[in-house]
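Chain IDs A, B, C, D, E and F follow the sequence of writing; residue 1 opens each chain.
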Amino acid sequence: MGNKTLALCRTAPYGSALAREGLEAVLASAAMEQEVDLLFIGDGIFQLLGNQSPEEIQQKSQRRNLLALPMFGLEQFYVCASSLAERGVKPKLIEIPGVEIKTIEQPGALIASYQCVLSF
Amino acid sequence: MGNKTLALCRTAPYGSALAREGLEAVLASAAMEQEVDLLFIGDGIFQLLGNQSPEEIQQKSQRRNLLALPMFGLEQFYVCASSLAERGVKPKLIEIPGVEIKTIEQPGALIASYQCVLSF
Amino acid sequence: MTLHLVSKSPFSSSALRDCLQSFAEGDALLLIEDGVYALRHDALQTLQNSAVYCLEADAAARGQRELAAIVSGIKMIDDAGWVKLCTQHNPIVSWFR
Amino acid sequence: MTLHLVSKSPFSSSALRDCLQSFAEGDALLLIEDGVYALRHDALQTLQNSAVYCLEADAAARGQRELAAIVSGIKMIDDAGWVKLCTQHNPIVSWFR
Amino acid sequence: MPRSAGHFTIWPAMKFSLAVYSAPHSTQSAASALRFAKALLSEGHEIYRIFFYCDGIQNGNSIAAPPQDEADLTGEWQDLQRQYNLDLVICIAAAQRRGVLSQREAERQEKLSANLAEGFELAGLGQLTDAVANSERLVTFGG
Amino acid sequence: MPRSAGHFTIWPAMKFSLAVYSAPHSTQSAASALRFAKALLSEGHEIYRIFFYCDGIQNGNSIAAPPQDEADLTGEWQDLQRQYNLDLVICIAAAQRRGVLSQREAERQEKLSANLAEGFELAGLGQLTDAVANSERLVTFGG
């Protein structure tokens, strides 16, 4: 079948394992050449910030998982504009090498265009 | 030592196990004749509502645990007035046989008067 | 269109608010578990012309069945109704935090 | 007086808001884990004259150390500072949902 | 193909998969997943797979011993599995981290005991991808 | 009595207990509890008891096998227990529901295997009450 999939990434990194396990599921899909897109929304946008030093709390970097995605053909991330604004994060601060960041205004329309949505 | 204890009950029943396990901890304290008071605040006030039919979701009644508390000498519950108001619950709707409901306006002052606070 | 499942209380979680920010015209909303406390929350009023459902067993468990009956525009459904909603909509998005 | 520990993001949980509703004069607030995102939230402004602390390791892990340094009135502390705060205050109340 | 659901026939039947992220006895969502699975089957739909991920892997912990008057979700999943020959898959990476191991995994990890319940199977995240690709509907239970 | 913390002496030392409600590898809070416990001890304070409740009982699951590059909280609790002779108590009722059993409990519940980690002890909720009564500070880690 196929089923174009959207991974809805709405949790902050490190505080819970969901952000990490969500990215692992996305990596698995991408490795199997399934079509999967990512939408960072709500606290999920915190995954994209730079200067993360998770070694200070004895955790592995989750940004490293993000940086691995372009190697699997994931070269575009959707990011919710109002989630950024609400949290005082300027869109230009978001930079992932090899990835085009597309800020979107209407997440509902984007979500409805997929056959499957995985929430993390 | 003793240590006058407040159980801060801030979770709704059934959706998570925390409300139930919190009451079990309170029952254990009361059974050991430790001085423990209860403050229902935030979504915790939903534990006090009547007409609960948890058998419809294959769960045991948590209200039954509340009703057991007077047998262990717990005859007064503190309830946060603004938590009730925010959720549209009229104070007079809250009724637990054998228990005096004391609505309070300043939870911070009450909390600070205890040596130990258990949050559930 | 999308079916949104909200399972957390709007008084303690942003699940409902986040869902509504991602709600498109024609979408449907089903309240389950602690999500049924949305019956007591203002946020639902922004959805007056949309399809809003509430799982009856979860409302009943929490003593909210009578309230659900009088909140206008909310349809109470059972498990079979939930299944039917899922066949009528796609994708299905869960808001559980 | 009370030491409040808030460990959830104010954008997705009511933990901080609930804590502030139960905040008494003289109390102290320590932000840990995802609670450090409160640095980006308006709610903290109601506490201008109170003791507000932030666990540096948790802020650094999340890329918020620089921000914490410029938000006025927030004191950054390490684990030993956390221990010290706990000896200076009682009770200690955790807001983790 | 039409399916029989007790007395009447439903058309069209659909192929569902479920993703379950929550442990029994912590939140309600694993119990909701079980209820929804039962409703799907009694309405005549097909369950392609139930994938247990994150804390959901605890649904396959065979040594949970809840009190008699509380639900035994692991046992209920097992009953449903036997009745409908369900594909109950537990993410192996999530289960290793959290301490749910098959006999074979326990030996490989040099752990003294195993606790994977019969009827559940350990497999990789690819099984979630496969479920998404081969189901008409995916419903997630988390929180 | 003053305690020695490395090079210097702290006064007054205090008696703490911790309540831990969260499993490793699900949220950060079990790891925060461990860090706080280490800081308490290195600052010369006393830990009267660490009580594991709700999902926190998974901290005593001996068969968790996290990847080499992730924290092994159960192992770290065990190391700390040996070093400081800590009282690590797991609520027996919470553990039965969730599948963490001692050998004796496994036999009593007629389960095929046990997984309680060495250094942890199963006991009733009374041990939480006792910890509250006998500690100058109680700090809760949940969520």
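We take it that a contact is a pair of C-beta atoms (placed from the backbone, for glycine too) under 8 Å apart; a residue touches a chain by one contact, two chains touch by 3 or more.
Bear in mind that the values here come from a model prediction, so they are computed numbers and not experimental data.
The minimum number of touch steps separating subunit D from subunit E is 2.
Minimum number of contact steps separating subunit A from subunit C: 1. Interface comparison, A-F versus A-E: the higher number of contacting C-beta pairs is recorded for A-E.
Chain centre most remote from that of subunit E: D (centre = mean of CA atoms). In this structure subunit C contacts its sequence twin subunit D using mostly the same residue numbers, the overlap exceeding half. Subunit C and subunit D have CA centres that are 33 Å apart.
Spacing of subunit B relative to subunit D, judged by their CA centroids, is 26 angstrom. Work out the mean CA point of subunit A and of subunit B, and you get 39 Å between them. Counting only residues that touch two or more partner chains, subunit C has 7-8, 11-12, 14, 18, 33-34, 57, 90-92, 94, 96-97. For subunit B, the set of residues touching two or more other chains reads 10-11, 14-18, 42, 57, 59, 116-117, 119. With touch defined as above, residues shared between interfaces to two or more other chains in subunit E number as follows: 21, 25-28, 35, 54, 70, 93, 136, 138, 140, 142.
If each chain is drawn as a node and touching chains are joined, the picture fits none of the line, ring, star or complete shapes. Shown are all chain pairs that touch, namely A-C, A-D, A-E, A-F, B-C, B-D, B-E, B-F, C-D, C-E, D-F, E-F.
The touching residues of subunit D, counted against subunit A in their complex, run 7-9, 11-12, 33-34, 37, 40, 56-58, 60-66. Touching subunit F in their complex are the following residues of subunit A: 14-17, 57-60. Chain contact summary for the complex, subunit D toward subunit C: residues 11-14, 18, 97. Per the touch definition, subunit E reaches subunit F in the complex via residues 23-26, 54-55, 58, 61-67, 70, 93, 96-101, 105-106, 109, 111-115.
Residues of subunit B touching subunit C in their complex: 10-16, 42-43, 46, 49-54, 56-57, 59, 86-89.
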